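Working notes for the structure below.
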Amino acid sequence: MDLNYTPEEEAFRRQVRNWLDENIPTSGLRGFDRNADRDKSTLEKMKIWQRRVHQAGYLALSWPKEYGGQAMDPVRQSIVNEEMVRTRAPALIGAMGISMVGPTLITWGNDEQKARYLPKILTAEEIWCQGYSEPGSGSDLASLRTRAEIVGDEFVVNGQKVWTSNAHFADMMFCLVRTDPDAPKHRGISYILIDMKSPGITVKPLVQMTGDRGFNEVFFDNVRVPRRNLVGKLNEGWMVANATLFHERNMLGSTTTTQMLFNRLKALAAATMRGGRPLTHDPVFRQRLADLEIRVEAMKYHMLRQLTDSIRGRNPGLGAWANKLVGTELNHDLAAAAMEAMGDYALLARDDGHAMDRGFWPYEWMFTLGLVIGGGTSHIQKNIIAERGLKLPKSR
Amino acid sequence: MDLNYTPEEEAFRRQVRNWLDENIPTSGLRGFDRNADRDKSTLEKMKIWQRRVHQAGYLALSWPKEYGGQAMDPVRQSIVNEEMVRTRAPALIGAMGISMVGPTLITWGNDEQKARYLPKILTAEEIWCQGYSEPGSGSDLASLRTRAEIVGDEFVVNGQKVWTSNAHFADMMFCLVRTDPDAPKHRGISYILIDMKSPGITVKPLVQMTGDRGFNEVFFDNVRVPRRNLVGKLNEGWMVANATLFHERNMLGSTTTTQMLFNRLKALAAATMRGGRPLTHDPVFRQRLADLEIRVEAMKYHMLRQLTDSIRGRNPGLGAWANKLVGTELNHDLAAAAMEAMGDYALLARDDGHAMDRGFWPYEWMFTLGLVIGGGTSHIQKNIIAERGLKLPKSR
Amino acid sequence: MDFGLTEEQEQLRESARHFLASECPAQKMREIAADAPGLSPELERKMAQLGWPGLIVPEQFGGAGLGMLDMAVLLEECGYAAMPGPFLFSAAIAAYALAAGGGDEIKTRWLRALAAGDATGAVAIVEANDGLAPSDFAVSARTAPAGAVINGVKMFVPYAQSASFFIVAARTGAGARDVELFVVPANAAGVKIRPLKALDLTRRLALVEFDGVLAPPEAQLRGGADLYERVLGAGAIAISADSIGGAQRVLDMAVEYAKVREQFGKPIGSFQAIKHAAAEIVADLEPARALVWYAAYAFDALPREAARAAAMAKARACEVYSRAAGKAVLMHGGIGFTWEHDIHFWFKRARLNESLFGAPPYHRERVAALGGY
Amino acid sequence: MDFGLTEEQEQLRESARHFLASECPAQKMREIAADAPGLSPELERKMAQLGWPGLIVPEQFGGAGLGMLDMAVLLEECGYAAMPGPFLFSAAIAAYALAAGGGDEIKTRWLRALAAGDATGAVAIVEANDGLAPSDFAVSARTAPAGAVINGVKMFVPYAQSASFFIVAARTGAGARDVELFVVPANAAGVKIRPLKALDLTRRLALVEFDGVLAPPEAQLRGGADLYERVLGAGAIAISADSIGGAQRVLDMAVEYAKVREQFGKPIGSFQAIKHAAAEIVADLEPARALVWYAAYAFDALPREAARAAAMAKARACEVYSRAAGKAVLMHGGIGFTWEHDIHFWFKRARLNESLFGAPPYHRERVAALGGY
């Protein structure tokens, strides 16, 4: 064990930080931007930002060079991630492409697909969304019913997806469709790439409990998709998707965000007076704060351990199955503690002038609950840990 | 709502209290006697105690007069219960007979059975134990396999019971046996009464994690039981047993004990110095104490509400399904708080001379965990609330 | 010894549930919530016809002369419906304050109007520093020839926007008990109301500024610090009752959903995780309901236990509500996180209930202090 | 950047797990626990042959010269086995104290013997008032011509009965930092040992009386309050590592049982309630393990973060262990409550771990204080 970075890594970190300091747009865009309800001009700014990050060589660090990556080790990737969060750099609008469909294509895509899609993921020329969940299949993803029939050189897609983040501005969707309705449910699914401008696609917004538009329903009415847009083999999409799901689990577990949340909570408590003293000096709240910090730190080292496994090329083991569960619940607990710290101020909506900490927390409190639910609720995560991690028998 | 007692009830309470003050044995026997590992002489003393309570007219208050009861309303029964706990009167050695098989016989027994068994339950001439659980059927009670074949005028019983409290000194057992192995599992069970002195019965002690003997395994090897010992109809024992289980659930939910436990915990905390002040003045522990007291009080009124329903002859409703879960977990939480209050003193076994509060808590902490487990663990209780109370679908 | 509702109380409950199911179903609640005033004049009028605003108002002032337990039974149903509007704050808290501390003139003017549904009162207690102790108050009442002059700013005043009058807690000296309650008409000179945007869409909050507001002698309620404590108790009980009703509703919604929503080929209610979450809500909720009933009963019948009972109820009931709402949202999965589904209204209302009139840690500390720990 | 065990550490772990599985399986653990001394001379000898007692002892005194992380890896396995005996207290804590604060004479006499398995040390810290701050101590060291004279009574001293020497924390003045550690041979005049009956059957505890015990100058360890803090840190880390191992074991036991035990016609591990309990243990345990590793690493490599890291590890790991043990007992149902089943040994050991060297609230407060909240 050695928690020091090499001189080269330290230099790299300084270089990243300097670059961020000089290049982060000073107006508008900022980190912790949980709002997915973006207008056109924000969207354009975000694309420009991602392009600049890419040009600077800080995007997709672990991708092979031939696809626009930097072929660097995971340590540098984590350094960039950390600095991005720490400097509150704007979110990457193409994150879903970079973290999910990109790595999937690198593993499963053919050369033509890689050449066609990967560069535009990085340049934000094509923004991706994910077509997995359906109204009838939430936890039970494999029961999806969106149908794709092969007609000549095309898939003809009919059905509906739901909880589709970013579908209202995405250019492409990576999508699971049923191509063999007679096979067992995991065996008849294919993974295809759909141009969101195809005729027959209708996107309807789903407003979140926060009041923002983030999700969508996407309807397919005889949407035609070229056969070359199939990733992996026909009817083997479940295997392809599982790779992506694994990337998702890791993406959701980012711990720098969690550390930033804790620091923000601590600052809030220090600035909040209760009974004539700062809340940080209240023995009861101190216990809660310390407990949260301990869990945050534990999660930090838990992720560092997995980072090390990944550097060493080893399977991260049982613990990685718990990342999503632990990470999302911890974030929500941090927000809930902040809500308690604020007392009656927690009752104010984000956009009220009297809101504490610029209204950050009430929104964060709900948003983080959404993350606990999305991508498999805690119930599902526990099933996954038990069944895949501990090999307890399935009970379907 | 009226939480006052009538003058008659108040007088009755005074009368009970006076009687207890004058009659509670001063030596040895005392309430909160969780130890089931009783020697012969203790046993004899406990029987004498129960007989005296009976003679005084304070036993089985709600039973009809013809069977030795007092035909009084549930308020008087609860007054007696409260005073017994409050004065730390010795436990009633025949409790299982009084609370479980007695009421069952009153409902399901024939006249001969009532006349034969009920009086001796009250006089402690016959102590009862319960033969329900088996090694292969814990939560899934109805899957029991102890077999009773009818041969002439007798049942011939073969099999094994487990977790049988008091079997090592009980005179009789009320027992569930399978009388039709071909019927669906709930349909082939009968409820019979077995003389524990019958040839072929072997009782083996099971020691608890506390180190005490409390449970037993009971083995049946061609044990002959007269057919007249069948309660209710043949193969309909499941229905009969369910009545008893309901009595058990209520018995376990006694709240006076819980209140006594809380008071003892509070006294412990007041007497324990930490950081130069009593633990009751420690803001963090105060929160915990207050939270526990609130839950204790809530449970008290929850049970009073059910008592009222029972006085009014109404179904107690959904809440009653939660009694066992809430009551046992609360008792265990009280003990766990006491363990925390004691710091390193919690590490001492009951019989160490330096143990705080005469070593009450470490034992209680384990014993109350046993109560969380026994009679259906919390998992099972939650299933019961969900399935019977909320009518959620079964998932067997 | 009788720990149960009377037949009249059972009837009140039944009729309230039916009335609200037909007059304030979720769709109606959403409409009212979306409307700036956050109340429906029509619904308020119908409630007045049923005599609800005057439930605990003495008969001589046009009320039904019932007690806090009756009110709690009613508020449980209002919480069940997540009914928007000033009812809880006016009919349970302001009405109590007037009835307990008002002289005949105040009662004749405001209490009668309140009972008739012609006026609503709002309670103005906490300020920018968010404390409930009189020593936390900057709002002061200075003695002047014509009465008291009130200065300062109150925060988080529920339904100040639509109130006819305020019950204002003001400091009258430096002592811990130097607090008085004043009745101030909303249209009094020097009163300014600035709406706040509330997270809970079924409630309206505002900041109320008192700039040299003159309160004549009869506007000062009798009772000082004792009355103030009692009003806080009434508030705690009212919010607790609302919480129990709300918790029941989120449970009912989740159970209903769990019976019809299918995953893996069977209703999700057949999965233990869902069952156990529902069972845990029941195990929290049922004893908490008894505790709230007890606190409401004690408020009138057992004055010496009333303050502690109210603190217990508030600490428990609003925590139970929040926990139940969180579990119920999770039981719904993704749909529970949408605006389209109704449950978020209860989820947010639970959060408001948790902090209004003191959060659980505050009340637990009170339980300890009043219990002589 | 490397947050993982070295190959040597992995090997240490593997070999320890195998060694303990064969030399200290549950049956053997029960036998040792049932025996009055609570240790097996044979097992102790075999451990000595493997060099375990000297793991963190400098090579010049016969040890392996390894660090606290290596020790933590080993202790995790000892916790997994619920290994009875003085090992943790002697090899991790007493050895550290001697190595860090002892002069050559002490090291030559005691540290070498400890490393060779010829002596064990016991740490005597808390007293009847159960406090960890020097100001809580009544045991004092008074300066005398021939050294220091120690008087007073220490409580809850693990494995005092079999110890060759004690590391005693004694007060040397009225100040908060007036504390020194002394090495006192068990056979010194004035030392009296009275066994206590411990709840955790895999550990022995005693009260130790020091009645005018003379400690010569070389018996006083160098470092004062700083060393004392470090020794507490070593204790916290050692217990944390044991806790992680124990939590892993109860999880393994419960999972194993859930795969074979059938109810309602299928393994209980197919029920969500059982699955989720197991998953929750994993979700608690895995991050806690990383935290303990970090604390052990920081103890040697990051001295400025070491105290806080140790407090974090102790607060978390022993809570995780207790919670895991409670869940695992419940997952076993009735059998888990019997003496016959092994799990209660871990269940009780978890309880001891929770309070020894400071319970979680104590360490959380330390985390806050050291973190400058």
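In order of appearance the chains are A, B, C and D, and numbering begins at 1 in each one.
Just so we're on the same page, contacts are C-beta pairs under 8 Å (C-beta built on N, C-alpha and C of every residue); 3 or more make two chains touch, one makes a residue touch a chain.
Quantities reported herein were computed from a predicted structural model and do not represent experimental measurements.
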Check your understanding: Where the contacts of subunit A and subunit D overlap, which chains show up?
Key -> B, C
Revision key, fill the gap. Farthest CA centroid from subunit D: chain C
Check your understanding: With respect to inter-chain C-beta contacts, which pair, B-C or A-C, contains the greater number?
Key -> B-C
**Study point:** Centroid spacing, where centroids are CA-atom means, of subunit A and subunit B in whole angstrom
**Key:** 52
Check your understanding: What whole-number Å value describes the gap between the mean CA coordinates of subunit B and subunit D?
Key -> 40
Exercise for review: Indicate the residues of subunit D shared as contacts by at least two other chains.
Suggested key: 271-274, 276, 361
Check your understanding: Got the subunit B residues that touch at least 2 other chains?
Key -> 283-284, 287, 379, 382-383
**Study point:** List of subunit D residues in touch with subunit B within their complex
**Key:** 126, 129-131, 155-156, 196-200, 205, 207, 262-265, 268, 271, 273-274, 326, 329-330, 333-334, 336-340, 344, 347-348, 351-352, 355-356, 359, 361
**Study point:** subunit D-touching residues of subunit B, taken from the complex the two chains share
**Key:** 133, 136-140, 143, 162-163, 206-209, 211, 215, 273-275, 284, 339-340, 343-349, 351-352, 354, 362, 369-370, 372-374, 377-379, 382-383, 396
Review point. Can you list the residues on subunit D that touch subunit A in the complex?
Key: 1-6, 69, 255, 258-259, 266-267, 269-272, 274-276, 278-280, 282-283, 286-291, 293-294, 297, 301-302, 312, 315-316, 361, 364-365, 367-368, 371, 373
Study note, to complete from the structure: Interface with subunit D, subunit C side, in the complex: residues 271-273, 276
Review point. In their shared complex, at which residues does subunit A touch subunit B?
Key: 282-284, 287
